[in-house]
Structure formats: structure tokens, C-alpha cells
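Both complexes below contain chain A, partnered by chain B and then by chain C.
Let's turn to the complex of A and B:
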């Protein structure tokens, strides 16, 4: 076996000499000429092909793929080949684009419509609960749900903000900023009270909403939003909190009532959650304050932002970020006020059932 | 035969599987141990007459072991249920352990007291809030964080907010605060341009007054011949004055308050060069439109 190997080695050696030419030329091989071995290989292949053509097998040269760049052991040469390949590919791509553009221009009106790339939002799984704005049933439901009293201007929002036991500094700062952001809100410390007792006391003092921020490892990580006179209770997970001090060059917010912007709350569940958020803020925003609070839903993540806007002209707005910034993710929605044991859950996030598809969203 | 001393010497010096030794203390892990410490007097193996108090599911029992039953391990421990009433239970202990060594009686009562106290505390705690610890899966959290980042990129929140605000501006929710209902204004502008252009083509030289009237209603313009226009348009001076106050005048300094023009009168803002010209034939009007 050893001798076999030796003999093949010799044969390859002699082939190399064919490829590389007489030994003297090897020393002339400088760096740029490294490519020449490849070129010289081609004649060898063609020779073989000539032989093959004579026989019955006809293999066209284009079918033999070029050798893989990753098989070149020399790193410098490999990188060079790769750069060449990339350049060639880019060139081809540009040519293709130009060609397409020329074609569309040539066709003019008959041109096929521009292809729209697939995004997760485009490919979202069809949701039966997507709300049609003119849907009568939904309108009827919403006119009679728990938040209806706010939207019919019977009640004015009064929010109670509290935290879990023994909040740390980050959480207390977060509470204060939330209190500044939401007008007509009061911050109370928890001091070991049960939430059900908090609710009874809040009802006595005519609060309309309770927000409880839960804290873990010195950071706020959960938000419980309970609408009071027997309203739904929503539990969210908080992430990526950025406070006013951490936002660079953030101006101070004022006491004006902000406008509320709710984006992408499209399903029935999203509608409920959106209405809960809207019910936190007073009905008539003070436009002179130019403050806007946004809840933007994207792929079941709700991004909260607080901005001051400035209309530069008809087509451009400037935004200046104030106040806290955080993201929420809905964990559960429970009908009625907070009751984790006996409450009726309208929606609970169950990971194994609901997170199976990357394109399925619930809000 | 039960030789407690022999047992103790073997256990103490040798190996006892219930013994736990720390730097300063020796503990006894035997479940029937009265105190938890490894001592000659409190070792359940080395004492043939021994008693303990233990609780099971909130019910306290007194366990007793006597030398008579040492040969029957299955029947070794006598179990007596203690009353729910604290004083009665103490009395029970005393009664059952009558004539027993004082040490065991005292330690049993102490142990019983401690057990009842912790049972009371457990019952109180279950009525209060209980923190539920929810385990987080690291992979899941990592995935969620990544999804959130991607969602943030896809959301383009600032753009969406700007769009929404501009929509609201268009719809007029802000009313007249900003004076920038430009679309309506622009449309009106375009209409007037068209109409005024057509008229300009028709009536170039004559009927300056009419032209000026229409143009002055629609837009503010610079017109070459100040004097003549003034003379002809004193009646329209009011309209000029109105327009100039309403519209964005920052660019149009020269056009302020055209009406009631007197030579030498200063404008409130902006500088305009005053050219006095003698009356001549009405020349061609060249209206220069401002590009807004």
C-alpha cells in the first residue's frame, strides 16, 4: 500500500511538472502569477475533453463547476479569489438590475408591477379576530364594555401607580417618571398590602385605574394594569426601560395633557388593550403642550414612547424624546379586577401553543 | 441487653451515621432526636428511656421509648396525640412523662412550644400574599430579546409617529393653532394662478384695477409700479392689509400694509426702498410670483 501511495505521488509530481512547466520557470512564479496554475489547468481539461468527445461521452465545459474557493489552502490566495468572486457577483447583480430597469422603462405602462419583498408583517398568519373598523358587532361590544364609561366621557381618569414591596432606586425613579408622564396620577408605596386590598381602597378614593410595577433584580420587569370599576386586568412584561436621565439631551416634560397615539392594535384583543391604554389619559389633550404619548404595537411588542413634537412645515415634524421609554409584552388579560386564583382569563400567553409560528401574532 | 454506655462509647468515639460535625458543634440528624445536638443525654440511640415531640401535617405527637420494648423495634416508639389546646397538651406531656428525668420533660415541652409557634406562623403566612417565583428559561428570554430588537427595527416608531401627527394635522384636529393648513391654501393658490394667468393673457394693459383686485385676493405679489397701484387700489388696501397679517409674511416683508400708503411712512417690519415715480403711461405689469 505504501508503494502505491508513492507511485501516485510520483505521478502527480510529473503532472505538476506538465502544469507548471520546466523547473526554471517555478522560480519566476511571483505572487500575481499564482493564478496561472489555474489557467494552465484549463488546457489539461480541454485535452481530456477532446479525448472524451471522441468517445461517446460529451460533457460540456460549463457543467464542470469551478473548484471551491474554500479548498485553497493558501490564505492569501484564497482571499484574493474570494474578493474576485464577490466583485464578479456584484457586477452581475448590477447588470441584472440595470437590465430589469431598462425593461420596465421600455414597457412603460405594460410593465409588470414592482415585486414587493416578503416581510413578517406581509406574511402574517391570517387572524380571524382582525377588527374591521365598520364592524357593527365590535362597535356594539365596545359601546358596552368596561371602558365605555371613559369613552362616553362619564368618568375622568384618575390613576394610582404603585410598585411591589420594597422597590429599589431604579423602580422608584421609573414610578416617578410614569407619574409625570400620566396626568392625574398618584404614586403610593406598597408596604406589603395585598392587591385586592389596594383595589378596595382605590375604589373608595374613586380611582379609575391601577398600575402596579413589579420589580425583580433591581429592575422593573412587570406591569399590571387594572381598570377599576370591575375592569379588565392586563399583565405585561416590561423590558428595555430607559429613563429620562438616561436619554441623551432629553428636555423636561411639562404638565400638559398629552395626545395619545395607538398604532397597530388591530385584533379584537388588541382593541381591548388599546382602549385600556387610552383610558389612562384625559380626553382632551392640550395641544399647546405639544406632547404625544405613543403605544406602538409591532409583532406583539408594544413600544411606549413620550415625545414633544414640532411642526416644521406641512410635511415635516420634529420629535424630541422626553420621558421614559420601554417595551411591553402582554402576558395575560383577565376579565374583572385582579384575582389570580379565581379570575376568568380572557387570554393567557401559552408559549408551547402560541409561539409555534414565527408569523403568528395576537395583538 | 441494653448497655447505653457501651453504645455511647462506640457511637461517640467511632462512627455514627446520624452525626454531623461542624467546626464548633456536633449535630444529630436522627428524626427522633429531642434536641438536634449530639450529646450523651440527647442521643436517641444511647438512651433506652427517651421521648420526643414531633408534628405531622400540623398535628403534634409525643413519642416515647422505654427499655421494656427495646427488643421489639417495630413497637419501640409509643405515639400519643397531643391536644390542640396548648395548655392541655403541656399537661398531657407532663402526665405521660411523669417520673421521667427532668431533662427530657423540659426539652419535650420546649420542643412542643417551638413547634406550635412555627405552625401558627405558617398558617398566618398562607393567608397573606405569597410571592410566586416563576422560572425563566434562558434560551426563551434570549429569543424574546432578539425578537424585540427585530421588531423595533421593523417598527420604525419615529416615522410612524410623524406620519400619524401629520395625518392629524391634515385632518384638522389641531384647528388653527399652526396656520399651516397649506394644502387648502395651496389649492386655492393654484386655482387663482390659473384664473389670473388666463386673464392676464386677455387683458394685459387695460383694466388694471380688476386684475389687481383678483390677484390681491388670492395672493400677495410684488408689483413694479407702487404708486400707480396705490392710487388704483386704495379701495383694496383693506384686503391687502388683511392678507398680509394672515399669511406667512416673514418672506414678504415688502408687501406689508400696502394700503394707505403715504410717502415717508415707515413700515413696521422690513425695509422697502421707496421709489417715487412720476405719472406716466401705464406700463406693462410684470407680476412676479413668490415661490413658496
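Let's turn to the complex of A and C:
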């Protein structure tokens, strides 16, 4: 029985070789051919022969779109159609770019200026609180505000860093890294003490700032920055925390005083917050340490980075990221030291009133 | 110098005294900013006279300056130092100044250095004068109940409020009067730092509040009575401004647009408008009936107190209406010309009704599927 089957198989095998030719050619079965099966005749490619050209319902052929690629059930055919479409689109785009380039070169000096794409930053809603650097009133206000004693070099910063009660490992590591990053800082465990009591003790020990890291679900999620003796209290949301161990190839930071870079704190509120950050670090950075701490504000998110830079030559700089990396978002700014119940707020983030426009920012 | 009339006078925490003209949307500083110090912070303001042409400003260092709105400059400066703390209230009685400081010293500064002192208790937060009966003055503060005083009888208060009953846990309810106003001739309304709005009636023998409403989540900082005396507008430390109906004892409306604590509120005496200023450095004018924000002026410094003048500024000409008037005048069309104009125009005839059955084929542009 088996012998019969085998013989028939061999006979068919030999028959096939007559039809298809030598065996080597079989393997050039041309895969592309397999992948391109018989095309469905798309009715759109042909002209629609409208019998009654004068009828009210005549529709020009170009107006009917080709059927949607996603309606093709066969995955191979579908992907192929999509690749074709993408190729065609890329080609059209390149042609358009070339055409535009040719036109601008042809016009030379008369060419219209290059168009600037609209971004959320340059479409930002006009903010009347944007600070004019020469504004007399704002300068006077800042010269007499709570942080003025730092900027006039009357006080030197001394920072107390603590967390919410019973911090987990991530938060304790975060505290230690912050302590390394901010010079002249001391880390204390909270041990269930009220913030108002922490403030009175800190005032007695001549601290100038208090940072309280709040933790939720084993991760730091809030930062309370309170300037002493009667300075404003800022409450931030922390997100996207990356510690020193999580940053690849991060070297260890040293004790040198870093340079502080504050970017984009343009509005009056931004100025106050920027000054609070600046007041955490000592005035004279030690340039030999080549360390820089950056608070970059973009779209109301403040990005904290800690780098060591190295000038390779006059034009190229290498950056090595040290220390923690996190993102802050201001939730409220309260006048006076921490008093959330009875304190007066200078600014509170009210989501439903303030987050209505994608192009309106406050810092 | 004050060629334009100022509708709202605002005092800032830096000591700057500003006037805002709402029709022209202009704010002017009446002092040179650079010459001020922190000690000249404006704590209290009041009208210097009935015509509202003079403003008395109380500073942190104890001075009281008088500003003349017509001349546009400060005319007088009196040293009213006495007691500890900032001014919590200023008033004018028979031409003499009445001041009250935080430590409780209420003083009437008569001419020739004569002073009449009254002790109104410790930790006073607010002192206000009754406009209907100028010899009556009310004070209140932290753990300092509302007291109604007569300037002519400095010994004892006419009316001293009593605290409400113990709460459901049988604990004493703390007292903290942050702002108070006279409601009509006899009644008083106060707002507290513990989020309560209370109405007192000294005419009745009942010393406890006639109405006690608990609102919101944050301490109330400012209060103003609406022109119809039926409701009250309160502002709190997180920037929510709310209108409370005193007959029902409920919140009627909420005004939006604030970002920071509201330090001072005042309703216009006749128009349905309320002006508010606060720590977010903006002066806002809302319409009481429609809740709409009519004006929002950025004033660069934290604002402490404001005074809304009684003038009807909505009737004042703004720049745009002035231009329109000028245009009309220059065109000079007389009656005869008008008749000619109308006569020359062609008569428009009614068009035929379109046949609804005939529909033009609309060729809509179909979008390419992506």
C-alpha cells in the first residue's frame, strides 16, 4: 500500500519536472509574485460611464475616493497597499519640497521669508503679567520681597530636607541625592512632626529653606518648598523621578557649589518661583567643579537636571548627567510660611478654570 | 494732573497708591515707586469727605495721608501712631480721623492734638463705620467678638455679640471676625476665618447671630453688601468669591476668574457691580447679575485695599464712543439731504419663490481616506 503511494508520488514528481523545468528554477518561485496576487480591479480607476449625463445626480469620477485600505481583509495585501501609499505620499512631499526650493532659489532676494511652523510655545496666549526687565515697579517689588535678603547677600542658604512620615526606600534615596545636589543642606527624618512645628524648630536653627518631599505609593510625588523666616510656600507635584542609579553611566557628584540655570521663568509668578529656586543655592558657584543645576520651565512644567559639563574645545561641550532628574508642576503658592487652612494664597491652580486652553500658561 | 476721573482707588502692599479709570482702562500710580519702603505699606483706606474727592490712606508706619483726587496729589500727612500693629480701620467723623490698630486702640484724632481713646479688645481685624449713623463704629477680630461702639460714649460698647452655642461635640466654636459691614441702619453682617457668615441685629435683645451660615472650605477674608441689602458677597483666601442670599442663608452665585486670595471687596453703591482685588495682583470688576467679568486690570503689586467711587462710569464716554461721535458730527447730513438720499435709492422688489422641487446638485468635496 505504502509502496503504491510512494510510486505515484515519484511519478508525479517527475511529471512536474517536465512542466516546470530543472529543479533549480523551482526555488526561484519568485516570492514577489506570491505576494502580489491578482489585483482586484478597482472600479474607481475606470471612468464611470454615466448613461444620463444630464441627470441631476452626475458625480465626477475623481470625487469618489478609493476604498479604504483598512477594508482589505488579507494582511499581506493590506500591508503592501499601505507601503505603496506611503511611498507615493513621500514622493509627492519630496517633489513639493524640491519645487518650493527651486522657486525660492529662482526668486533669490525677492523670495518670501521662510515660513515658521506654529508651535504651542509661539502660539501662547498673551499674558499681561509677563515681566518687563526694566519695569520699575516690579524691580522695586522684588528688591523688597521675602527673598531679597538672599539676593542682597545678607543671608546664606541653609536648607532642611525632610519627607513625609515613614518614607520608603525610593524616597530616602531621593532625599540623599537631593542632599548631595544642594550644598549646605541637612536631611532629617520626619518622625511624625507637624510641618508648623518643623518650621519653628528650623527657624531656631537658622535654616533659610525647608523642602518636604511627599511620598505616595512608594514614590515621591510632591514637593513643598517653604522659604523662611516668612517667605512664600510653594507646593509642587513631582513626576518622572530618575535617581542616580537609574541614569546610565552617571558619575558621582562632588561637593562643589553648582551653577544655577533658570530658564523661561517669565511671568510675575514665574519670577517668584524662580527666585525661590535660586535662593536654595549659594551665590558663588565653584567653576572648578563644572557642575550645573538647571530648572527649565516649559509649558508650566519645571524640569530639574544636574549635569557636569566639559568643554572639549571652544565649540563643543560634553554633558554628563549626575544626580536626580525630576519634573515639577506648581500647584499653589501661598504667602507666608506653611498654613494650608488659614493662609492666604498668591496663586492656586484651579484645573477647571485655568486648564481650558492648551495655549495658556502661567509660569 | 488728575484730568481723568478715577473710578477705583487701590492701595498696594508695596505702598503704591493707584487710581484706575475703567472707561479708559488706564491705571496710574500717584507716587514714585522707587522712593517707597516696606514700612509704607497701605493698610487701610477710607473716603476723606462725602463728595468722595479725598481719600485717607493709613500706612504701616502709623502715618495717615490724605490724597486729593482733583489735584492728583497728597495734600496732608498726619502721624497717627499709637498702639501696636497695623491699621485695621479708618473713618472720618465730623472732620476728625478715627483710627483703629490691631492691638485694640481706637482713637479719635480731634483738632489741636486732642485724642479720645477707646479700648476695643486685643487682635482686632476690622473696624468699620456706619454710614447711616456716623457716630457708630463696629469692631471685631480673632477671639474678639463683634462689638458696636458709639464714639460719643467711649466707655462701653452699645452692643456686644455673644458666641453661638457649642457645636455638636459640645465644643466651644472659635471666634475670628475677619470682615464686617453694616447692613441697612441697624443690622450688621460679619464673615469669619472659620468660614461663617453671620448677621446680627442689635435692636433685638438677642445677642447671638440672627443668621449663621457655614460656607466653603477656606477662611473668608472680605465681605461686601450688595446695593439691595438682600445679599452679601464674600471672598476667601483661595480666591473664590461667592454671593450669599441673606434671606435664605444659601450660596446664590459664584464668581470666577481669581487665582489668589481676595483681600478687599466692594460693591458699587448703585450699579450692580463688584470690585475685588487681592494677592494675584489683579483688580477685577464683575457684574453681580450676570456673573460676567467686566474688567480685569493687572496692577503689578499685591493689592491690599480698594475704594469704589459712586460715580456712574458706564455713562462716561470711552475712547471708541468719542470717535464715533466725532465721525457723525463731521458727516453733517441735514433733513433735506436725507429725503433726497431716501428718494434716490432704488426700490427692492420681492424675489420669486424658488421652486423647491428643483434642487441643484451640490458637489460636495469628499475627503480622501487616510
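Note that in this section the second predicted complex is superposed on the first by the 277 of 363 C-alpha atoms of A that agree within 3 Å, B and C clash if a C-alpha of one lies under 4 Å from a C-alpha of the other, contacts with A are read in each partner's own complex, and residues count from 1 in each chain.
The working rule: a residue touches a chain if its C-beta (ideal position, glycine included) is under 8 Å from a C-beta of that chain, and two chains touch if they have at least 3 such contacts.
Everything numeric in this text was worked out from a predicted model, so none of it was measured.
Participant: Once the shared chain is lined up, is A:151 touching chain B (first), chain C (second), both, or neither of them?
Facilitator: neither
Participant: Which of the two partners, first being chain B and second being chain C, lies in contact with A:329: first, second, both, or neither?
Facilitator: The first partner, chain B, only.
Participant: Based on the superposed arrangement, let me know which partner A:288 touches: chain B (first), chain C (second), both, or neither?
Facilitator: Touch partner of A:288: chain B, not chain C.
Participant: Mind working out whether A:311 is in touch with chain B, chain C, both or neither, as first, second, both or neither?
Facilitator: first
Participant: Could you tell me if A:348 is touching chain B, chain C, both of them or neither one (first, second, both, neither)?
Facilitator: Only chain C is touched by A:348; chain B is not.
Participant: Of the two partner chains, chain B (first) and chain C (second), which one does A:66 touch, if any: first, second, both, or neither?
Facilitator: It touches chain C, and chain B stays clear.
Participant: Does the superposition put A:188 against chain B (first), chain C (second), both, or neither?
Facilitator: Neither partner.
Participant: Do chain B and chain C touch any of the same residues on chain A, and if so, which?
Facilitator: In chain A, nothing is touched by chain B and also by chain C.
Participant: Could you please specify the touching residues of chain A with respect to chain B in the complex?
Facilitator: By the definition above, chain A touches chain B via 119-121, 192, 194-195, 239-240, 259, 261, 263, 287-288, 292, 294, 296, 298-301, 303, 305, 307, 309, 311, 313-317, 319, 327, 329, 351.
Participant: In their complex, what parts of chain A are in touch with chain C?
Facilitator: 56-60, 63-69, 128-129, 135-138, 140-141, 144, 268, 335, 341-348, 350, 353-354, 362
Participant: Chain A touches which residues of chain B in the complex?
Facilitator: For chain B paired with chain A, touching residues are 128-129, 140, 144-145, 147-148, 150-152, 154-155, 157-158, 160-162, 164-166, 168-169, 174-175, 177-178, 180, 182-183.
Participant: Note which residues of chain C are touching chain A in the complex, please.
Facilitator: That would be residues 14, 16, 29, 33-34, 36-38, 193, 218-219, 221, 237-239, 256-257, 259-261, 263, 279-281, 298, 300-302, 359, 361, 363, 365-369 of chain C.
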